[in-house]
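After this come two complexes, each holding chain A, first together with chain B and then together with chain C.
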Partner chain A sequence: MEKWKERLNKRTGPWLFLSPYLVLTLIFFIYPFIYAIILAFYQTNGPKSWSFVGLENFAFVLADGDFHIAVWNTTIFALASILVQLPLSLGMALLLNSKKDRLKGVFRLILFSPYLVGQIFVGIIFSVIFMPRYGMFNRFLQEVTGWGLEKRWLENPNLVMPALIIAAMWMYVGFNMIYFLAALQNVDQNLEEAALIDGANPWQLFWAVTFPAIKPVVLFVVVMSTIGSYQLFELPYALLQNAAGVAGYGPKDSGLTIVGYLYRTAFEAGDLGTGAAIGWLLAIIIFTISFVQMKIGRGLETESVL
Partner chain B sequence: MATVTLVDVGKNYPGDIKAVEDFNLVIEDGEFIVLVGPSGCGKSTTLRMIAGLEDITEGEISIDDRIVNRVSPKDRDIAMVFQNYALYPHMSVRENMAFSLKLRKYPKTEIEARINDVAQMLGLTDLLHRKPRALSGGQRQRVAVGRAIVRQPSVFLFDEPLSNLDAKLRVQMRVELSQLHNEINTTMIYVTHDQVEAMTMGDRIVVMNEGLIQQVADPITLYDRPVNKFVASFIGTPPMNFFDGHILAQNSSIAFLSEDGMQLQIAEQQTKKFRQLDKQKVVLGIRPEHIGSAIAENSETVGRISAVVDVVEPMGAETYVYLKSETTSFVSRVDSHKKYMVGEKIELAVAMDRAHFFDVNTDKAIL
Partner chain C sequence: MNNTHLTFFFFGFVFFFLYFFPFMPRGKQIALVYLRYLVLTSIAALILAPFFWLVCSAFKDPEVLMAYTFLPPVSEWSSQTLNFSNLKKLFEKEETLEGAIYFWQYIVNSFFLASTSTMVTLFFSSLGGYALAKYEFRGRSFLILFMLGTMMIPAMLLLSPLYHLIHKMNWMDTYWALIVPGACSAFGMFLFRQAFFSVPSTLVEAARIDGCGEFGIYLNIVMPLVRPITAAFCLISFLGSWNAFIAPDVFIQTQSKLTLTVALNQYVDLYDQQYGIFLAGTLLAIIPPAILFFSLEKEFVGGLTSGAIKG
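Right, the complex of A and B next:
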């Protein structure tokens, strides 16, 4: 009797401990995952009426002009994240890493803290900051450059994307900086000293020693940042909530992202089947880009700058 | 080719921590000088100040009459080998060696020629295309040395370069580095905590402790005439034995009387200076090889001490016998073919003409 009990415990014990995770995953990940695959092939008309349409949902989305706008906008945002935001993060990390300053921790916290605010609140805050005439941003521009006091950032289709990129930068520059800073602190000091003695200037030192050493982290941050960019939704939605045009997506859909397009289609228009198809297309886009990035990143042997 | 001169050099860290103080030394052109001492004694800091990796708080360092306090590392004409080798991991052996030459814009043909020469000299020719991670510890060490040699600098700096190698390789590399120095005859400054490395490699040795130079001398002088108790105990394995006691002058002879009552006659040539030290406390220092049964035949002044055998360590060529008298433990270095039993009480001869005496308060040698 005792033996049997013991054996049961040995077998079921681990499963018992795993069960909270497994149950939650089943309900909130596996089930929706499978459901979404099926859903993408159906035309829904309310939750009860389904009809099989094959690949029609996909065909519709791929041909839809709104989807093209959304992909374009999202891609611009992703490129800005990688080409502008990340170099800025790295630059800040290098600055913070260069001096053994007691205030280092304070600066790190200050720069990181916007991330803790969350996209919705950052969106709301920046919708005020970007107000023409009274907004902080325009006043700042006016003071520094003598230009831009009357700019309607959230109402001019050409300015919505830059505004969005700036807001996101404020939020994420410090967050990505933390990764870079951690990586920089792990670079072997002796390597940098060896390069100094070998005659490298700061620029050569960075490209010959520091960058190769932090390359794995850079690759990770680039991939994560791309994925995050393609999943962008709350920030523009909150930022453009009160702006002219369609609430939440900006004038002429200038702030429409792929997830925004998904949300509008699935939940505002109620077309769940098409929404599921958009979700799958987004997954494919993200997967492809990440795959290519990792291939390029791993293959690139950072040769010396000379 | 260069002389390196350090005048009153000091290094302070925030919080009034003095890493190095009053460091004065002239390193001759072509000399192999070793800085040795326990960890935290300031030897690495001194080396890093010479390299320019550490600011100099006080004093002046010059290389060939040029004060280099404010000269950046790359312009000091030095090369350094680090403990962890610091090879650029994404560059091949060839690229590692070429790096500094490329930065200094040497012509391609010259770079090639130099690398090939050095690779041949160090037996790296077949490894030139490999990345550092594909090399063994000894090979990496050699590449690190090679990277320094191709530069043909006027001073080589070594920061504990052999510490990461296993014992056998360490002995081998020690010999190779000495040979290398004989071959290229450039000034080398070598930091180590290993007194064996210091003794075997250095033309002169600088013994450091707590930021201060204790003694600068050639290996044999250091061994035979240590200026204080620290140097006496740091140089030599097993370390020198110390006995607390005092001087006792009787009639014509003068003796050392240890705390546990053991009386040792002081050698005749030393009696003069001890006459006025009658009844004063001193520390007697005797090296392990000067205590033992074989002493009697080739020493003029022989003392006798008896003690109980505690531990016996046969090394092959010789045996270390750890002994305990009433108040002190000490070690004797004896012929390995003589048998000793643990717990056995034995009497040993002491070569008193090789004895050292130290002041109780200052730890300085009584000379």
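Right, the complex of A and C next:
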């Protein structure tokens, strides 16, 4: 024991403390990472038969109609998250951001709570909520708008994506709001008061004072939502589980996401090589989009400073 | 339909009253404040409606499950309309090819897995985060960059190679495959590193001069100072493991070892038209994370955003 204490000093300590991470990363990240590069260039047929096919896996995926559907669906979902869901979250945060409100904590708790429910469970719950005639959502629509009782949300290919977006919105709108709310609480009160004294209306106040102050967080949330959206899988998989007899991906693949396509190819059809190629394409898509978003976000920032 | 209407109205009114009444505004812009509460209350009602619906569905008799959106009118409340038949059926013995299985088995599995991996991940991640925050050593900035890079790789990309690896290690169908690969998270290390920055280095130095060992400093001096972030990380980690679907689905084959997520997803097929049963199961599945969340709510929400705001 004494010997250990002597050996463990300021110099060796950090390496010992980091060793679990280093070992685990070597085995479960670096090795699979290199393996994934190699795998993408091979056709696998069971664990023993491998044959080198060059870029054929990539060529196959890029030409595959299912992949196009998956990219299209996922992009629609990501756009809906950023253009519909995040503004709603921000609006809710603005509404909730008040100094003297003892109810803020209660509302924050309620709005956040759906995030605790895993995507699989949300999918199961909403697969019944969206049922025609009996589902809560259809009945609610009927009550409010007089339309929608018989809508087959999960069986009509045109309605699958809207249903998916609604379910995801229920799950994440409050979660993203938490970030905006935390950012809004850090905005300098004096600046806002000064703007109000100078006669700024609420609209001007928001765009000239509040938004620039919370922009780093907005950028962070936009990038995180995009990355999350492009990795969507479990929610549609559970939501469309027994809709129209097509397990997991919706009628005419209308709920197929990129990761869903990967899962189907690699683990249901057993084609790990093509699965790896899809994974790399997904990584490239995510990298490119978040890079562009950060570039645009940072660019806007320097402009406003000048 | 009239009943549905009434239920919605009642539901909205309850929330409106509950949250609005005790906080009657005394300021001048009463109309605006009313409007703000009205909007917030309706949003809260919309968010809570699926939860309320889920609870109602779990306790409604299968015969009347679809007849009412939420609950039957009070005049019809009886053991014929509201009872535990869904839960009873859910916990009945289920005959599979591998023998009899009870639903509670999945709850135990999920709970065991989530709590074990939370504890393991908490230990390794905080230890790593401590090394990154409080020691100067060569290669530190490279390591941090590397960790950031690993966080950007989508997990699904590594799943097929991981499948091969787990197969080769003979870890297929064991919980090792679910606990070990995620036992030290780069995200957690960043979270803890951020938290440890707030611990004064002089404190660490003083403990060292007093003869406290390096591990002792971490365990007895530094860790007790970052309790909020520890609570937050425990919750994030527990939620991640409890709600995980892909890994248990791919790596676990024996029915009696499955987690709640995979089992309930099967139940949707198994109990095709008997919605009450799998909805009751789903209700049970969301209770443990909820209990954990409500007991640690303050730390959780604060810790979640600390990385985004300060970092």
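Odds and ends about this structure:
Note that the second predicted complex is superposed on the first by the 285 of 306 C-alpha atoms of A that agree within 3 Å, B and C clash if a C-alpha of one lies under 4 Å from a C-alpha of the other, contacts with A are read in each partner's own complex, and residues count from 1 in each chain.
In this text, a residue touches a chain if its C-beta (ideal position, glycine included) is under 8 Å from a C-beta of that chain, and two chains touch if they have at least 3 such contacts.
Note that the structure is a prediction, hence the values are computed from the model and not measured.
For the composite obtained by overlaying on chain A, chain B and chain C can both be accommodated side by side without a clash.
In the superposition on chain A, A:Ala208 makes contact with chain B only, while chain C stays out of contact range.
Annotation: apex chain A, arms to chain B and chain C, angle 80° (C-alpha centres, rounded to a multiple of 10).
By the touch criterion stated above, A:Leu18 is placed in contact with chain C alone, chain B being left untouched. Once the two complexes are laid over each other on the shared chain, residue contacts for A:Ala63 go to neither chain B nor chain C. When the two complexes are overlaid on their common chain A, residue A:Leu83 makes contact with neither chain B nor chain C.
In the superposition on chain A, A:Tyr31 makes contact with chain C only, not with chain B. Of the two partners chain B and chain C, more residues of chain A are touched by C.
After superposing the two complexes on chain A, the shortest C-alpha to C-alpha distance between chain B and chain C comes to 9 Å. Once both structures are placed on chain A, no chain A residue is touched by chain B and, in the other complex, by chain C. Across the complex, chain A meets chain B through its residues 188, 190-191, 193-200, 204, 208-209, 212-213, 301-302, 304, 306. On chain A, the positions that touch chain C within their shared complex are 5, 8-11, 13-18, 20-21, 24-25, 27-29, 31-33, 35-36, 39, 47, 92, 95-96, 98, 101-103, 106-114, 116-121, 124-129, 134, 136, 139-140, 142-143, 170, 173-174, 178-179, 182-183, 186, 217, 220-221, 230-231, 233-234, 237-238, 241-242, 247, 259, 262-263, 266-267, 272, 275-276, 279-280, 282-283, 286-287, 290. For chain C in complex with chain A, the residues that touch the partner chain are 1, 4-5, 8, 19, 23, 36-37, 39-40, 43-44, 46-51, 53-54, 57, 66, 69, 124-125, 127-128, 130-132, 135, 137, 140, 143, 150, 152-165, 167, 180-181, 183-184, 186, 189, 208, 213-215, 218, 239, 242-246, 250, 261, 264-265, 268-269, 272, 275, 278-279, 282, 285-286, 289-290, 293, 297, 301, 304-305, 308-309.
Residues of chain B that touch chain A in their complex: 51-53, 72-74, 78-80, 82-84, 86, 88-91, 95, 99-100, 102-104, 147, 151.
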